[in-house]
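Please go over the structures that come below.
Paired with subunit B in one complex and with subunit C in the other, subunit A is shared by the two complexes that follow.
Right, the complex of A and B next:
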């Protein structure tokens, strides 16, 4: 019974990590769109290239934050959570 | 040596300075709490440097993507994002997997560049408000 409980726990952690990584799709698409629009802006006003590039880099870095949160949560779920959960279960069982 | 865009270098320099300041602050907090040891320093150095490298690679990718066709741009950015995520995953995995790195000191520096960007946005917004107020006074 204990083995089944640990198995379900590990399965839940792995599934949770996988679902968390879905959030990594959005920033990639958003960055692609942002760069395309920045190119249009530079095409219209070539003299503002430096300002547009600077804002674009900062915007892309900010857009990546959600992906980074997802990555960290997935890492915690894979590397740290199983050990802690198993410890909690073992203590509860005694 | 390969020439990089001056904007990318300037922004990376700003982010590196901000990461260094926040890292020092974090080390100080650990010292005050009495939980500082060499693992905190190692974890901070590991992911602090990787977060700066990630930002620099993002800047290089953006400047490179601007020279590509509109169709290739999106896929180029997505590919870069995937590779950079894998890099962070590997480094953070090493940091969390080995006991010689403090877990908290490994995770926190990954978000320092974003904190720096938010702080810069706030600073710019405040300076805009001040300059608008000054213009109104002059009128």
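Right, the complex of A and C next:
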């Protein structure tokens, strides 16, 4: 019985980590849009390249934040959560 | 103008400064070699805790990240002393020109993003930029990068949060509280969450970027190790156990994750510091009150 419980727990952690990384879609679309618009802007006004590039990098870094939240959650679920949950289970069983 | 040749004493001090620049990094590497037990194969671990000091409120663990960040700090201090050693007006040496260029760049950055009122922030921004960049780059010499530990970056973000709050309080506590009730008092909880989200997002952005680079590098290294064992595993002697695939290939990723990402995150952290601090200060209101006060006097 205990083995099954631990198995379900680990399965949940792994699945959760995978599902958390779905959040990677958002920054992908957002940064893609930003780069596309930056390319357009540079094509229209090549002399403004340096200003557009620095703003683009800033914006990309900001848009990346949600993806990084997901990454941190996924890493916590893979590296930290299984041990913690198994401890909790062991304490509950006694 | 006559040029004086560098005397023996000057050269001696120079050499001392260079040695002092390298010694903290070497000491940190030595500590890592001496005190951290060798793990089994390649594994993802956090910062190793060297020792735990007993403190009244809660125990204080001294971890690898703290030690390395202090080493980087001392190294930067002596780098700055070296760059400005023997600097004087109208004498152009290579390092003086380089130091002037760096200071001018940072002052220009601060002036562009924060305005004239905040020019006093230039040394702080320069310090945070250098510290963050060198901390991330310290992984190139085999150290645990301090920025891939949450606590180090959280410390910097809390410092920035204190600065933001200080500048918001410049117009008095009542104005500060009223700022949370914009545009309607119903938004109070949302605004408080938004206020707390600033340091949290700054921390997680910097730490997540560096940590993800580390984790991906480790995963790639272990995958290459496995592939190497599979292909060359049957060769006799040391040839069979030597990981041929791990030579050179991870360096390509390291250029992006360690060099580019590390420097970029340092730039972004200092940029966000500037933006948050300068936008949190209600400049017009402060100036209006100041002129009113002067008029009354």
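FYI, the second predicted complex is superposed on the first by the 94 of 94 C-alpha atoms of A that agree within 3 Å, B and C clash if a C-alpha of one lies under 4 Å from a C-alpha of the other, contacts with A are read in each partner's own complex, and residues count from 1 in each chain.
Quick note on the criterion: contacts are C-beta pairs under 8 Å (C-beta built on N, C-alpha and C of every residue); 3 or more make two chains touch, one makes a residue touch a chain.
Keep in mind that what you see is a predicted model, and the values were worked out from it rather than measured.
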item	value
Subunit C versus subunit B on the shared subunit A, clash or fit after superposition	clash
Which of subunit B and subunit C A:13 touches, first, second, both or neither	neither
Subunit A residues touched by each partner, larger count belonging to subunit B or subunit C	B
Partner chain in contact with A:24 - subunit B first, subunit C second, else both or neither	first
First (subunit B), second (subunit C), both or neither touched by A:81	neither
Which superposed partner A:33 touches (first subunit B, second subunit C, both, neither)	first
Contacts of A:50 with subunit B and subunit C, given as first, second, both or neither	first
Subunit B versus subunit C as contact partner of A:71, first or second or both or neither	both
Colliding stretch - subunit C into subunit B, listed as 99-107, 171-179, 189-197 or 207-215	207-215
Those residues of subunit A which subunit B touches in one complex and subunit C touches in the other	57-58, 61, 64-65, 68, 71-72, 75, 79
Residues of subunit C defined as touching subunit A within the complex	44, 201, 204-205, 207-209, 211-212, 215, 264-265, 267-268, 271
Complex contacts: residues of subunit A adjacent to subunit B	24, 27-29, 31-33, 35-36, 38-39, 42, 50, 53-54, 56-58, 60-62, 64-65, 67-68, 71-72, 75-76, 79-80
Contacting residues of subunit A [partner subunit C, same complex]	57-58, 61, 64-65, 68-69, 71-72, 75, 79
Residues of subunit B touching subunit A in the complex	5-8, 10-11, 15, 55, 58-59, 62-63, 65-66, 70, 73-78, 81-82, 85, 88-89, 92-93, 96-97, 103, 107, 110-111, 113-114, 117-118, 120-121
